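Below are two complexes that have chain A in common, paired first with chain B and then with chain C.
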Partner chain A sequence: MSLEISNVSVAASGAPILTSVSLTVGDHERVGLIGASGSGKSMLATSVMGLMPSNVTVRGSALLDGQELVGLSPHQFADIRGRSVGFVFQDPLASLNPVVPVGTQIAAPLKRHYSLGSAERRSRVEAMLEKVGLEPRLATAYPHELSGGQAQRAAIACALITSPRLIIADEPTTALDAMTQVQITHLLSSLVDDAGASLLFITHDFSVLARVAQRCYVLGAAPESARAGSSTAGSSNVGSSNVGSSNVGSSIVESGETHELLAHPRSAAGARLVEAARRLSFSAQNADQMPVPPRSHEGGQL
Partner chain B sequence: MLKFVVRRLVLFVVALALLSVVVFACLRILPGNVAAVMAGTNSTPERVAALSAQMGLDRSYPAQYAAWMSDMAHGNLGISMLTGRSTMAETWGRAQVTLPLIIFGLILSLIIGVPLGVVGATRRTGGLHSVLRYVSLAAGAVPALWGGLLLIMVFGQGVGLVGIFPAQGFPDNGWGSPGQAFSSLILPALSVGIISGAQMMRYTQSALDGVAESGYVTMAMAAGSTRARAIRTTGLRIVLPELISVTGLSFAQMVTGVLVIENLFSLPGLASMLVSDVGNRDLIKVQSELMLLAAFFLAVGLVTDIAHRIADPRLRAGASLEGGVQ
Partner chain C sequence: MTSVTPWRAHCASAGASAIASVRATFGFIWRRGEGKFSLLVLAAWIFVCLLAVFWTPQPLSQSDGYNTWASPTPAHPMGTDGTGRDMLSWLMAGSGTELQIVVATCLLAALIGVLFVSFSLARSGLVSEIAVVITDTLLSIPIVLIALILAVPLGASLLVVIVSCGLSYGLNLARIAKPAASLAANARYSEASRAAGSSRWHIFRAHVLPNLIPVFSVQLSICAGTAILAEAGLTYLGIGVPAGTASWGASLSSSASFISIFPLTVVWPGALITLVVVALNVFGDCLRAAVDPVVNSGLRARGSARPHAAGKVTAGRKPAGEAATDAAASDEAVMEEEVRL
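Showing the complex of A and B:
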């Protein structure tokens, strides 16, 4: 399933967050969207899928296999979400309902979109749990009884249970430890490939992205040309000239093959993100040779 | 869970025992002694002494307390000084008016409050949201007495604009004529139910507002719900334990709240009995009544706590499922 976002601008209470963003996720493709915290990358995914708060307005065009998403009614959005598009969010323990067993939650999209018997639903949930590497008995567990990694596996099961053709993963590894991050990204990519689905993977971390996405887009402060364009076109941009980029919103500053972009980032935002990823992996590789900083207060006075 | 219930029951008994000491002590530290107060200011010392002996008040305090407790344990709440009837029988008769009134009022409060609170939380923009907020504020601020009077003036038989419900008294044969008994509780129950319902509505709305844009609701939306539907299902389920606690509190509040209402509608209920017994200085009966009231409050708290725990799996002490596949 393909997603074509073209010239999407998003504003919250009139303040621009994204300006003229265009990106494409092709059929069976795994595409990354990377940007620093606060650059509005999550907002892009939520707003084209109708998950944004009521004060957010969206302009532009987003085509899901040719179907225009911008301007759909809440009910039309609800018919698409959970059936054609699955979502994985950042913090599973802040998104899985804490008072409902995970099995029931994994079954929710099935129940919403398909009329299956409860026995059939249960067996599909159990099969899905095994696919994501959880024991079927965990269907009766509550989210607080799972570890962070287990909970994110359950959340992935929620997203994939209806075999949607597009998965949007919004920082799915940020709340997890490094070891679990690797497992979850691997699981997600292999499940997406097995299902023949497409993936839009949102993150701020190039080291995670490099494992998942063949192609990626970097979101950063909108360049001058976009600023000029949007201030002439939009009413939402009043008073932006005196403060700078934060009042214009973010935009795609570069895109390309992930490995090429990692080797030669062309934009400032891309270079910063690559540099951050390098530093992290460098310090991890050299951790055993680095001197341990001395403790400033020996004797436990703190 | 069983451990929790047992612990909570033990706490219930301990609290009840402590309260019995407080009630007993309060009536003993009245100026003079209970017999003197009951006999009245103009009675002779002989009359007071006779009353003391009759009620066993000439014994030591521990002996009196022990006798009272043993009587209570056997379901004997003593005898009214004024009517000579057993307190238990009188209380039971009165409870047949008050308990249905409270339960009826509580049901009305939930029927009014929860759906309107949900509507208020799902219509997050626009006029209805504000209108509902103001209605709940205004209705919650109305004193029960005034609200009851208004209801009588509008719906009371014989006095109201559309006199369709009885506004005074309760049938003499009680629930022997159920239709009549029920209809005589409609206006009183509305008086307490509307006010408590307005409170319930505000609680529901603000609790749901707290989760309306949370990750839980977004997750439910991602599974194929509109935001309104996600708030109605996922949101309401998440705040259910909170609402159970609030319902328990309103229940306890109503026990005292119906005092005014029973008097306004001339209902022969528990509250009016307690007030007239205090006025009549029927102190031994008052002592037992206070004890029953306290037990009732504590029982409501007990049931609320257990229901809260059932509704919130995070509080249930259950088997940990750690060690599943990572």
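Showing the complex of A and C:
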């Protein structure tokens, strides 16, 4: 399923968060969206899918397989979410209800979107649990009995149980340790490929992104041209390190093949993210190849 | 990988899961000393209620005019009251009245509580504002006053006790449960559920209500105890249970003025009320722990604690064995071809 976001601007109570963002996720494609904390990457996904409170306004166009998403009614959105589009969130243990057994939570989207018998539903939940590498017996377990990695597998099962055609993974590995991150990213991309779905992978970590997405977009402070065009907001930029706190919002500053972008980041935001990823994956082999970080002109610290 | 799992076998018959949960819950309460006490007292209470429907030691209508204020004798094990009625028979019959009051009050309070909690979470700001205003306004009116107002059209009746207690406890319940409810409604898992297409109503049912069970179990058991006390108080004021109906409050109030002369006639209903109220409060406290999957391991092990399952109690706690190792093996292969940045 393809998602085509063009010129989407998002504002919360009048303050711009995102300014004319355009990105495309093709059929069977895994695309990354990367940006620093606060740059509004999650906001893009949630607002396009109608998950934002009413004080958030969305302008522009977002086509899901040709269907316009901007301006849909809450009911129309609810029918698309979970059925055509599945979400995986950041903190797996927080995105599972602690007092409801895991199996019940995985079955919930199926119950919402399809009318199946309870036996059929159970067998699908069990099949899904096996697919994500969990024992079917864990269906009766409560979330606190699972490790972080197991919980994220369960959350992925929740998102994939209805076989959606597009998966939006919103920092699905951020709350996990490095070892589990590798497992989860591998699991997610292989499941998405097996199902023939598309993936929009949102992260701030290039080292994770490099294993998932062929192509990626970098979200950063809007370029000067956009800044000049929409300098209506009165508040001044206090110069914090958060890119998204600028008063014109963020937009896509760079896009392209992930590996190319990793090797030669063109934008300041991209370069900072790449540099951060390099520092974290510091090892004896590539220590001597570490490049000198480009100087930031905004005085922002990494 | 086995195809027939304990879970599927477990859910094979409809309602089996619910029965297993109830068993795990009550088993947990029973294993605690104070829980055992509360279950025994409550069971005895219900047994006496049922018994009194068919049999009491003396007929309720019979009063022994020659033996008023009698001390305990073989014929009257708890003595008689001022009109010569057998104390034991009347207290037995009264237990049924108390049970009706307790059950009806708790149901009404729970209903009002859930209703107002759902209003306070409504999408429309107006509805939630109005719900808060109504809750706060009605809570400022004491129970006795509500009962007095209700007694004008209804007279002295059970309904006065039930409605006045149910209303004010229900509103109080809504006020106490609201923070827990809005916490659950705004939690990440509710957002995740919304991202899977759930409606607000479904989120309320599937995610908010289960989180309210601990609050409700504690508060409703307190309500149950207080309803018995309120019945005694309102009956003493003459607007509770009507004359001629057996109730502990009526037994207490009819003898209360003679407490210095015939203390035993007050001690029996008083001790009974105290015993049941304490048992209800203890029960509520144990119930809160028993429905918490983190505290009650029986609840989470219920899928594998079936007779035919190999590991009896702790089986449910083992991490995913086979499946996890399968996954780990393939993941290690991935680790080896780690992308170097």
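Simple rule for what comes next: the second predicted complex is superposed on the first by the 265 of 302 C-alpha atoms of A that agree within 3 Å, B and C clash if a C-alpha of one lies under 4 Å from a C-alpha of the other, contacts with A are read in each partner's own complex, and residues count from 1 in each chain.
Here is the rule we use: a residue touches a chain if its C-beta (ideal position, glycine included) is under 8 Å from a C-beta of that chain, and two chains touch if they have at least 3 such contacts.
Worth saying up front: this structure is predicted, and the values here are computed from it rather than measured.
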{"item": "Superposed partners chain B and chain C on chain A - clash or fit", "value": "clash"}
{"item": "Contacts of A:109 with chain B and chain C, given as first, second, both or neither", "value": "both"}
{"item": "Contacts of A:89 with chain B and chain C, given as first, second, both or neither", "value": "both"}
{"item": "Which of chain B and chain C A:53 touches, first, second, both or neither", "value": "first"}
{"item": "Chain B versus chain C, judged by how many residues of chain A each one touches", "value": "C"}
{"item": "Which superposed partner A:38 touches (first chain B, second chain C, both, neither)", "value": "neither"}
{"item": "Contacts of A:141 with chain B and chain C, given as first, second, both or neither", "value": "both"}
{"item": "Partner chain(s) touched by A:78 [first = chain B, second = chain C, both, neither]", "value": "both"}
{"item": "Partner chain(s) touched by A:118 [first = chain B, second = chain C, both, neither]", "value": "second"}
{"item": "First (chain B), second (chain C), both or neither touched by A:14", "value": "neither"}
{"item": "Touched partner set for A:196, first chain B, second chain C, both or neither", "value": "neither"}
{"item": "Chain C-contacting residues of chain A that also contact chain B", "value": "46, 49, 51, 78-79, 81-83, 86-87, 89, 91, 94-100, 105, 108-109, 112-113, 133-135, 137-138, 141-142, 144-145, 147, 150, 155, 158-159, 183"}
{"item": "Partner chain A, residues of chain C touching it in the complex", "value": "1, 5-8, 10-11, 14, 184, 187-199, 202, 206-207, 210-211, 213, 292-294, 300, 302-304, 316-317, 319-324, 326-328, 330-331, 334-335, 338-341"}
{"item": "In the complex with chain A, residue positions of chain B that touch it", "value": "124-125, 213-216, 218-229, 234, 237-238, 240-241, 311-314, 318, 320-322, 324-326"}
{"item": "Interface residues, chain A side, partner chain B - complex", "value": "46, 49-51, 53-54, 74-75, 77-79, 81-83, 86-87, 89, 91, 94-100, 105, 108-109, 112-113, 133-135, 137-138, 141-142, 144-147, 149-150, 155, 158-159, 180, 183"}
{"item": "Contact footprint of chain C on chain A as seen in their complex", "value": "46, 49, 51, 78-83, 86-87, 89, 91, 94-101, 103, 105, 108-109, 112-113, 118, 122-123, 126, 129-130, 133-142, 144-145, 147, 150, 153, 155, 158-159, 162, 179, 182-183, 186-187, 206-207, 210-211, 262, 274, 277-278, 281, 283, 285-286"}
